[in-house]
Amino acid sequence: MSVLRKATPERLGAFSDGVFAVLITVLVLELRPPGVPTFKALLLLWPTWVSYAVSYLFIAIVWTNHHYLMRYAGEATPRLLWFNFAHLFSMSLLPLSTAWMAVSELAPQPVAFYAAVFFLVNATYICLIWELVDRAPGGEVSPAVRKIMHFRSIATLCLFGVAAVVALKYPIIGLGICIGCLIVYLRPDPPEPEKRKSRE
Amino acid sequence: MSVLRKATPERLGAFSDGVFAVLITVLVLELRPPGVPTFKALLLLWPTWVSYAVSYLFIAIVWTNHHYLMRYAGEATPRLLWFNFAHLFSMSLLPLSTAWMAVSELAPQPVAFYAAVFFLVNATYICLIWELVDRAPGGEVSPAVRKIMHFRSIATLCLFGVAAVVALKYPIIGLGICIGCLIVYLRPDPPEPEKRKSRE
Amino acid sequence: MSVLRKATPERLGAFSDGVFAVLITVLVLELRPPGVPTFKALLLLWPTWVSYAVSYLFIAIVWTNHHYLMRYAGEATPRLLWFNFAHLFSMSLLPLSTAWMAVSELAPQPVAFYAAVFFLVNATYICLIWELVDRAPGGEVSPAVRKIMHFRSIATLCLFGVAAVVALKYPIIGLGICIGCLIVYLRPDPPEPEKRKSRE
Amino acid sequence: MSVLRKATPERLGAFSDGVFAVLITVLVLELRPPGVPTFKALLLLWPTWVSYAVSYLFIAIVWTNHHYLMRYAGEATPRLLWFNFAHLFSMSLLPLSTAWMAVSELAPQPVAFYAAVFFLVNATYICLIWELVDRAPGGEVSPAVRKIMHFRSIATLCLFGVAAVVALKYPIIGLGICIGCLIVYLRPDPPEPEKRKSRE
C-alpha cells in the first residue's frame, strides 16, 4: 500500500506540458492570413506578430525554469500539485496580457497588468522553489545554490512589483524592467557559486 | 502473448492529461483583450474572468482526484477505459456550464444545469472508484479507507442532486451546496481513519 | 549505434494521444452558452449537442482500438509512422463530418460523406493491423485471433463502403449500417476463438 | 546531486509532441460544415481542404525528422532546449503560411513567405543536428551518416532560400522546389552509405 500511496511526479509533468503546449500555440490561432497577398498586409498585423513572438519566448522561459525545477520533485505531494496549478494559472494569463499590451500600443495600464501577471508567475515560482528545493533532503541541493535561487527569485519578484507601479506612469520603463528580469531566467540554473565568487 | 495482452494504464493517463490540459485552457481563449486600455474595461469582462477562474479551479480538483485514483490502476481494462471516457465527457461540459451560469448572472436554470453536470462528474467518479478501489486485490486498500471513499462520494452525489433541484427555486443555495461539496474534494485522499475516529 | 537506431513507439503513442485529445475536445468549443437562461434554449442547440456526444463516442471507440493495436508495436518503423499519420488524418475529419450531418438534419450527401470518412478510418486501421499484427513474430498473435481481426476489419470496411452508397438514396439506412459497424468495435479485442467456435 | 542535475530529454519530447499535436489539428478547426448539404458546397471549400491536407503532411514530415533526431538526445542541455523552441516556433508558422498561400491562389509573395518559413524550419533543424549528432560521442554516429545528414540539410536549406527568391517571380517553380525538398525528408534516416556509393 505504501508503494501505491507514493505518487510519482510523471503525470504532473505530462499534464503541465499539455497546458504549456496549448498556451504556447494559443496566439498562433490569432494569426490570420491577410486578405491581400502582399508582405505589407502581413506586416500590418504586427501587434499580433509581436504578441505571438514575445509570449512564445516568455512561455518558453517559464517552461525551461519549470522543467529545471521539476527535476527536484520526488513525489507529487498535494501542496506541490496546488502550487503547480497556481503557477500554470498565472502563466495562462500571459497570452492575454501580451496581446492587450500590443493592441493598446504600450498604454500604461495594460503594461502594468502585464508586469502584474509576471509578478504572479514569479510568486508561484517561489512557492515551487520553496516546496521542491527547500524541502529536499539535505545533501541534494548545496546551500550556495539554494541561496542564489532564493536571492534571484525574490529580487525579480520585487522588480516585477516595482515595474507594475512604475508602468502606470512610465510604461516603457516598466516594460524594460520586466524584460531585464526575464533575461536573468534565460539560464534556469543559477551560475555556479565558484564563478559567482570570482566575479564578486 | 500474455505480456502483450496486459495493457498498462500509462497511455490512459497520457490521453486523460491531454484532455484535461485542453479543457482547462479552453476558457482562456474566451478572454479577449478589451478594446480600451483601462483596468475598468478589463473588469467589465468579469463574467468571463469568474468563469475561467472557477472552472480552472474545479477542473484542477477533478484532475487531482483523477490522478489520485489512477494510482490504483494496474491494468487498462475495457471497463476502466469506458468509465474514464464517461468521466472525461461529463467534465468536458464544465467550462460551458460555468460560462452559462456566469453569463446569466446566476439564473435558476443555468445553476441547476451546473449542479447536474457535477452530479454526472461525481457519478462517473463513483464508477471509477468501484472499478479501481473495490476490485483491487484485498490488501491494497484498507477497508476503512474504502468505506470512507464510498461514503464521501455517495454523500456528495446526493448533495449535487439536491442542489440541482433546489437551484430551480433558490439558485444561490444550490450553488452554495455545490461549492461545499467541492471543498470536501480539495484533498483527494480521505482523512486517515484514526484521525476520523478521534473526531467522531 | 544499433540501440540508438531502434525507435521505441512511446513518442508515437504520446503524439497520437495529443492529437486524439485535441480532436475529442474540438466540438466542445462549438458549444456556446445560450443567450436565454432556460433549458429550452439549451435544447434548441441539439444539433451541436448530438454532434459532440456522437463524435466523442466514436473517437473514443477509435482511440480504444488504436490503443489496443499499439500494444503490438515493438518499434516505430517508418511505415508504422506513416500509417499512423494517415489514420489520425482520416479520424480528424470525424468532428467536421458529424457536425455537417447534424446541421443538415441527416441529408443524403452529408451522411454519405460521414460513411466515407469511416471507410477511410477503417482502411487505415487495416494498414495498422497489417503492419503490427501480421508482421509480428510468429508466436505473438495466434492465427485464430489474426484471422478474426482480418475478417472483422474487412467486413466492416465493405459495410462502410455500402453505407456510403446507400446513404445517397436512404440516409437513415446508411447511418444505421455505420452505427452497426461501430458497435462491433466497442470491444477492441476480438472474441476468443473458443467462444466463437461454440457460437458457429 | 549530479544525478538530479542531468535532465533527461523525456519531458522535452512530451512538450514537443503536445505542440505538434495542437499545430497539426489547428487547421481542422477552420473546416466548417458548409451551409448547403451537397458535395459541391464541400468542394467549394477547397482552399481550406488543400491547406489542411498539405500542412498536415508537412508537419508530419517535420515530426518524423524531429522524432528521428531526438533519439540521439542523451541530455536536455540548455542549448538543445532553445534550439528546439526555435524549431517549434518556425514550424508553428506553417499552418498560417499554407493557408495564406491557398487563399491567395498561389500569389508570388505568399509563396515566397511559405518558402521562407521552410527555410527557417530547416535552419533550426540544422542547429538540432549540430547539437545532437555532431556533439554525440565518437562511435555513436558513423562519419558517413554524419556527412550525408550535413550535405542533405545544407543543400535543402540553400534550395529553400532559392525557392523564396524565385517565387517572387515564378511562384509555381518556387513551390515546386519546396515540394522537391520535402520529398527528400520523407525518410528521416539518410540512405545507407553503401547504397549511396553504389548509386554514385
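Side notes on the structure shown:
The chains carry the letters A, B, C and D, assigned in the order they are written, with residues numbered from 1 in each.
Basically, a residue touches a chain if its C-beta (ideal position, glycine included) is under 8 Å from a C-beta of that chain, and two chains touch if they have at least 3 such contacts.
Here the structure is a predicted model, which is why all the values come from computation and not from measurement.
Copies chain C and chain D of the same chain sequence form an interface built mainly from non-equivalent positions, shared numbers / all numbers used being under half.
Note: the chain lying farthest from chain B is D, by mean C-alpha position. Taking each chain's centre as the mean of its C-alpha atoms, chain A lies 39 Å from chain C. One simple way to say how far apart two chains are is to compare their mean CA positions; for chain A and chain D this gives 27 Å. Within chain D, the positions touching two or more other chains are listed as 14, 17-18, 21-22, 29. Those residues of chain A that touch chain B in the complex are listed here as 1, 4-5, 7, 11-12, 14-15, 17-19, 21-23, 26, 29, 76, 78, 81-82, 85, 88-89, 92-93, 95-96, 99-100, 103-104, 107-110, 113. Touching chain D in their complex are the following residues of chain A: 13-14, 17-18, 20-22, 24-25, 28-29, 31-34, 37-39, 42, 53, 56, 60, 63-64, 67-68, 70-72, 139-142, 187-189.
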